[in-house]
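Chain nomenclature is as follows: A, B, C, D, E, F, G and H, assigned in order of appearance, with residue numbering initiated at 1 for each chain independently.
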Amino acid sequence: MDRGSIKAILSSVKSGRISVKEATEKLRHLPYEDMAFARIDHHRHLRQGIPEVIFASGKTEDQVVGIARAMHEKSRSFLVTKATREIHKALGIKDAVYYPSSRIISVGEKKQKKGDVLVLTAGTSDIAVAEEAAVTASFLGSRVQSVYDVGVAGLHRLMDSMGSLERARVIIVVAGMEGALPSVVGGMTNKPIIAVPTSTGYGTSLGGLTALFAMLNSCVPGIAVMNIDNGFGSGCLAHKINVRV
Amino acid sequence: MDRGSIKAILSSVKSGRISVKEATEKLRHLPYEDMAFARIDHHRHLRQGIPEVIFASGKTEDQVVGIARAMHEKSRSFLVTKATREIHKALGIKDAVYYPSSRIISVGEKKQKKGDVLVLTAGTSDIAVAEEAAVTASFLGSRVQSVYDVGVAGLHRLMDSMGSLERARVIIVVAGMEGALPSVVGGMTNKPIIAVPTSTGYGTSLGGLTALFAMLNSCVPGIAVMNIDNGFGSGCLAHKINVRV
Amino acid sequence: MDRGSIKAILSSVKSGRISVKEATEKLRHLPYEDMAFARIDHHRHLRQGIPEVIFASGKTEDQVVGIARAMHEKSRSFLVTKATREIHKALGIKDAVYYPSSRIISVGEKKQKKGDVLVLTAGTSDIAVAEEAAVTASFLGSRVQSVYDVGVAGLHRLMDSMGSLERARVIIVVAGMEGALPSVVGGMTNKPIIAVPTSTGYGTSLGGLTALFAMLNSCVPGIAVMNIDNGFGSGCLAHKINVRV
Amino acid sequence: MDRGSIKAILSSVKSGRISVKEATEKLRHLPYEDMAFARIDHHRHLRQGIPEVIFASGKTEDQVVGIARAMHEKSRSFLVTKATREIHKALGIKDAVYYPSSRIISVGEKKQKKGDVLVLTAGTSDIAVAEEAAVTASFLGSRVQSVYDVGVAGLHRLMDSMGSLERARVIIVVAGMEGALPSVVGGMTNKPIIAVPTSTGYGTSLGGLTALFAMLNSCVPGIAVMNIDNGFGSGCLAHKINVRV
Amino acid sequence: MDRGSIKAILSSVKSGRISVKEATEKLRHLPYEDMAFARIDHHRHLRQGIPEVIFASGKTEDQVVGIARAMHEKSRSFLVTKATREIHKALGIKDAVYYPSSRIISVGEKKQKKGDVLVLTAGTSDIAVAEEAAVTASFLGSRVQSVYDVGVAGLHRLMDSMGSLERARVIIVVAGMEGALPSVVGGMTNKPIIAVPTSTGYGTSLGGLTALFAMLNSCVPGIAVMNIDNGFGSGCLAHKINVRV
Amino acid sequence: MDRGSIKAILSSVKSGRISVKEATEKLRHLPYEDMAFARIDHHRHLRQGIPEVIFASGKTEDQVVGIARAMHEKSRSFLVTKATREIHKALGIKDAVYYPSSRIISVGEKKQKKGDVLVLTAGTSDIAVAEEAAVTASFLGSRVQSVYDVGVAGLHRLMDSMGSLERARVIIVVAGMEGALPSVVGGMTNKPIIAVPTSTGYGTSLGGLTALFAMLNSCVPGIAVMNIDNGFGSGCLAHKINVRV
Amino acid sequence: MDRGSIKAILSSVKSGRISVKEATEKLRHLPYEDMAFARIDHHRHLRQGIPEVIFASGKTEDQVVGIARAMHEKSRSFLVTKATREIHKALGIKDAVYYPSSRIISVGEKKQKKGDVLVLTAGTSDIAVAEEAAVTASFLGSRVQSVYDVGVAGLHRLMDSMGSLERARVIIVVAGMEGALPSVVGGMTNKPIIAVPTSTGYGTSLGGLTALFAMLNSCVPGIAVMNIDNGFGSGCLAHKINVRV
Amino acid sequence: MDRGSIKAILSSVKSGRISVKEATEKLRHLPYEDMAFARIDHHRHLRQGIPEVIFASGKTEDQVVGIARAMHEKSRSFLVTKATREIHKALGIKDAVYYPSSRIISVGEKKQKKGDVLVLTAGTSDIAVAEEAAVTASFLGSRVQSVYDVGVAGLHRLMDSMGSLERARVIIVVAGMEGALPSVVGGMTNKPIIAVPTSTGYGTSLGGLTALFAMLNSCVPGIAVMNIDNGFGSGCLAHKINVRV
């Protein structure tokens, strides 16, 4: 129920077309309907921060395609994460771009890019997650630069990227195994750092829990930590921070 | 904002005292105010299911007493869980009853009791949690019977309580260690069972996690499980089920 | 052994047809036989609360079909959970209904429905578990309504279901990931709530443990919690509570 | 080095064929050689308690068959656990018996059976592990009786087996899910009980850890607990206890 | 109700002193009473395997003394585990023996000892648990020998106890830290072995979980494992096995 | 070593005051010295993001005071977290402010405040951590507003703070137990959200792990998560994001 | 940038070919370039300790082959771990040796062997990891001897290898299940011991965590522990220790 | 039984004083006795690698002093770890040195120091563990240098210690929280690295498990990892490696 509907009821009361009692009853149910409306309004704002997205993992190809087409009708612009090449083909949407490493599909990415998001990875096995982060932030309108394989075992590679670090407004650091890279990067810059643990590793990497806990315990205070392999979420947060004015 | 307030605005519109535009603005903010109101109204309903309660653990004596007195002004009827004898004394509220085993204080308990809640424990070490459950359900208006120390190592003791089981409308089963009692009781009755794991035990009892997981994995389907040592919660749920009409 | 059998033995003793020693021996074994008998009698009662069920997971197709047919002879009315379409076909039972999302087979569902069980899910990935809950409760004779995808990220969708919440006698809330929905629903109603965590999620969702623990720690007291993905159990409990008179 | 070799050295010393110094040197290395010998001697004793066994899981078919044939040459009597039907065929050993449920192969089982080992299971899904236990104990020479599906949800079934419980010299109880059966059996008998948790279950059964921990925390003291799904080990222990004289 | 009581009722029926109806009523309650009786009768048998025991930990001094005195009236012979010196003094029972290392009180220990239970510890920190095991088994009537501090870091100490190993009918092995000793002992003997993990250690000893899991995974099959620090339970089991005839 | 020092060496080379060889040697050590220098320079920048801080927990009073005084000489402006009132007194620094709830000491807080950081808590037990966050962000120069006790069990309280949510540039959400509040807030706003789990709770709250994992699994993407009870870190991150231009 | 380059710049300044300002600018970037250089220089040293290696697991065949060929151009000598036979074929490198048990490919192994590394395994299932260790150490230039299947269940087999233990300069002990072998070996020798837990086992072996924790808790102090199944790492460390002079 | 005893028996055989049969019997028991002897002999060798040590934690003051005095009689040279100042005083041994930070007592430390062990810590809270390591290695005869507080949040401090790194023969790296320092040090040197996780930290540091797992997952291969807070063990291992010739 929007402002117009409220006005209409009030006008009817004023003109005597409906009684005060009838109007009271109509307005009593307003909260939820209006709340619903307020949410829809909020949704528009939300979209500035978070894209429409379909998490394809655990859904059938048919389900994903069905939801994606419905979404395409409504908003023209959305992401599908953890998608397969088959889903991409089945979509039949012309401007849907498929990123095979990260298995993300981007539809209707923003042309205009702003700010500077830097995505770093510790190793080559972390690239899939990093790409998901980069595609997400870029889709939302952030300018993104990626530097891969600058892990702590060879710090000189990271030193070579000093310039990129200094230009960035926000830095996403993707690392598996011991998850030490965010601490090292955090010791070299005052930019907000988003740490994304990956499930890269074996044995006591515990599917990424070790990297996650290491990042949460960083001796550098103030590092933002995401769920394991959550490239998408880190892209959303990075964009939100990047576009703060 | 209640029905009366809405009516007042509408009457003002009708009489021309305020304009339609002014009234629209007033009502536009209704959702949140009304939501707040709805909550307050709901709260009253909620109180039928869940008592006002102060969780004393981790608060200073002063804080607990402060909150309790404020609450006493407003509702005259509430619980304090995990309280000390010192808190009870400091309260200075005449009808505040202190239960030393379960360290619960009950203020303004309902006189009228309905239905039939049965509280069973596996061992004597589980009695503190069971008493918290019993006091809570009784406080809310349920008739409560407690039978202690009927664990699976001597099933005949449980068999002796067959009559109580048959009379009960809902059964709370409190057990630590291997947490087997709810399964055994569940095999003997068709009443709703609420299982409360306790931290009784040592080593691989893991502070109650073993009993909790055992209860969640009961071969008897449909057992309601609570957090470890959560006598209070089980009392609330038991009362809700007990008073269904 | 019922009252009649005891009487018969006693009459035979009285009339001298059997000796005191023989009768003593017969009665000595009474407890277990009678116990067994009492169990059988109980079983009939139990069926009011819990359906006959075959948990198909981890059994071969042949085993499931064999047990199902034997059960069909005896009771005409049972469920098979975690079943495959192949099992459904192989059963060859005319009124066996197969639900593909939840992979449950229902045979001989009750026609008469009573009360009002509401099943909510946080997301679309939780629907399989919710359907298992709904089919189970409905099979047992409860009237069931399902509302899906009303998670906490968009509370207005939940607000739209306020009416359903108010009509329900008991509410099943199915949620994965952070498992927050039962707390939010619990803050809005005084009905008994059964929370079912699902294995939806990745990384630190830990196969549903995170949702489970979140539900056990709800700030709303008295929420009944089930094992991860345990739709069947929640359906049983909901029906038990729903039909309390 | 056996008694004969020592004698030979000593005779040589006595006859002067070798010097005291040479003999000292020879005997100085005796411990390890003799130790090796002692072990072999011990091995014979060990075989009364523990069979020669090949754990097939994680080995290739070729490897298992190779080891099995070598073993067959030497001892004629051994077990292969976690074997496939293919391995059984490939063995080409005439008296090798294959048990499909438990996937165990028995070669050269003892004809003579002694004592009385009772194997109970809580559910039908626990039968594979129970059969492994039964085959192992029987292979070693124990008389074994198995009673399946007597879980705590229907205690009358267990009560019907009271006679078997009283005859048994040692009882193996196999259970998954909440692992409560050993406690209940332990409350009914004074026989040594060996509890075997199984990985039957889902969610918080945690692959058998819940049943294991429940068994370790039994309120009945003195229950022997084995690793998850360790039917073989329980058969060994049961036999050892069964044949104590 | 024992065999004699049943006989008395039957005789009264036969002689006409009581009617069939009266007798039926008396016998109708037999199951539970008889069950209770059977338990009591069983209890006597149980006592051969498991002593009456009070687990003092988590009980107040008053509670322990109260239960102990009641027990003393009835059975004259029982244990108190995890007791304090204060409890021992407060008991005021003349023949109550207090063992300070293991904090166990033994009242009315059997004079007559049978068989041969050997208790080994890996280190000196494991002695408290070992003593609890030894006192328990001895209390029940087993002859017990203890050899301490024979851990795997110096196997020659264990070798020196070879004679004790060969004499024993059952061996309790108590070890913390890496829990390796039961495997080593198990490789040297065919006697039943009961492994008791202790909470000795720090860091990844995880309060005894590491020793527990190591023992459950022993490469020597058939080792009986107890809960962490459960000396009492191991004493019960050892006695049960020791006195098998 | 800064640009000026390099220039000086080069000028000396040019003028012949030092030889090429001497200059080479001087410059060879440049990397580390310069690195050290760069760090110092960086440190100044870092201080815009992260304050000098002493983590008092696990240090003696003497150690904390010693470090604090040394720090005071150098920078005049720093924090002490997890401090006691005794430490505050012992410091003897005039403008050191002690916050008793959060046990944080602030020395030389910035007068000038910018932007808008909102700190929310789910319950009253989360206030200590929230205050640590607020003091830290304020110390660094952020304008901070705190709203406490707006947990999901009564959403209307949160709704009343809608205005604060809309004004904020970044929101810190502090919650224990089920950790659901960040998800609910995240569904209502497009501002960057920093979620801080607290150790508030018992049983399966697992010292805050449940809240932590719930936050990492939020159905609202892009929430920044901190270590358990890490108010300080969240204050640092909030300030960094708040002051982005 | 090396000493020569610095000298050249300085000479140019001296001779006036470049200005002080130009030289300053060139040298200002020195730290990172020089750092990079230092790393490259270090890398050469590193190669004495750690081989170039490609961790094939989780990479596509194409990726592994691409990296391997690039590496072959540069260094002629490297390892591929967790490789498949297909990768070995696809490499097309003449002197690439494939080890099928451990799935490691060695290219350009050193001919000259030094010192003495002994690799022991507890069981036959641990051989794959042991072989990875042996191939790695041998590749780097260590002389390696392997003795398999000397687990603690039959210590005499270990005693037979006493000579090898005494000859070794460093000993790698590979064990799964209860992980006891390193403790036993550590009790028999004063050589540095590297313990490698393997994922051999089931149930509470927890994928190797039990063996890992057991090794970390060894009662023999000073045992070096590696990640689960980390044969490669243990080979690197053994070589480093073996070649210390 | 030593070489002399064997010689004596052989001489008696030669001279005819005892028969071959008698000598055979005497020698048959040789293994265990000789084994014991061999162990004692081995012990001497062991002492080159591992000091005699008393782990005081969990022992009474009396027990520690008793063991220490007995040890002092025998070997004059030993350590007491986790000791209190009271124990030090009570010892009454003149040359017993007490280190208050690490609570270690050293008696009879070697004067002669060899090689070069470097001990690094990430933070000041790790110094207690580092000191235990340093005292142990020094006690055994290693020359030890310690550099504290060079954690990854400020890498330049580590860079300043480059010279120490290059001189060291083996490096102990002590770190809590995220445990990243060993990886960074490992990237800068080819020396053997021993990583010691500490329990420094809170929340998800999990009492040191996070640092431990991070170290086990280091991207730098071949790092030796110790149990949490195990300074003593790392000192032993470092000395063993340091003195390899």
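Rule of thumb we're sticking to: contacts are C-beta pairs under 8 Å (C-beta built on N, C-alpha and C of every residue); 3 or more make two chains touch, one makes a residue touch a chain.
For clarity, every value in this text was computed on a predicted model and none was experimentally measured.
S.K.: Which chains contact both chain D and chain G?
M.R.: Chains that touch both chain D and chain G, as defined above, are E, H.
S.K.: Trace the shortest sequence of touching chains from chain C to chain F and report its length in steps.
M.R.: Each step joins two touching chains, and the minimum needed here is 1.
S.K.: So which one's got more C-beta contacts, C-E or A-F?
M.R.: A-F
S.K.: Which option, A-C, D-H or C-F, should count as the same interface as D-G once over half of the contact pairs match?
M.R.: A-C
S.K.: On a C-alpha centroid basis, what's the spacing between chain F and chain G, in Å?
M.R.: Once rounded, the distance between the two centres reads 40 Å.
S.K.: Distance between chain C and chain H based on Cα centroids, please, to the nearest Å.
M.R.: Here chain C and chain H have centroids separated by 59 Å.
S.K.: Quick check on chain B: which residues sit in contact with 2+ other chains?
M.R.: Chain B, residues with two or more chain partners: 35, 38, 154-155, 188, 203-205, 209, 212, 216-217, 220, 227, 230.
S.K.: For this structure, give each pair of chains that are touching.
M.R.: Every touching chain pair, ordered by label, is A-B, A-C, A-F, A-G, A-H, B-C, B-D, B-E, B-F, C-D, C-E, C-F, D-E, D-G, D-H, E-G, E-H, F-G, F-H, G-H.
S.K.: For chain D, which residues are in contact with chain C within the complex?
M.R.: 124-125, 154-157, 159-160, 162, 200, 202-205
S.K.: So in the complex, which bits of chain D are touching chain G?
M.R.: 31-32, 35-36, 38-40, 43, 55, 57-59, 63, 197, 199, 207-209, 212, 227-230
S.K.: What residues on chain C touch chain B, complex-wise?
M.R.: Interface residues on the chain C side: 42, 45-46, 48-50, 53, 169, 188-192, 194, 212, 216-217, 220-227, 230, 232-237, 240-241, 244-245.
S.K.: Which residues of chain E touch chain C in the complex?
M.R.: 3, 6-7, 10-11, 13-14, 16, 20, 23-24, 27-28, 30-31, 34-35, 38
S.K.: What residues on chain E touch chain G, complex-wise?
M.R.: 122-123, 151-155, 177-180, 183-184, 186-188, 201, 203-206, 209-220
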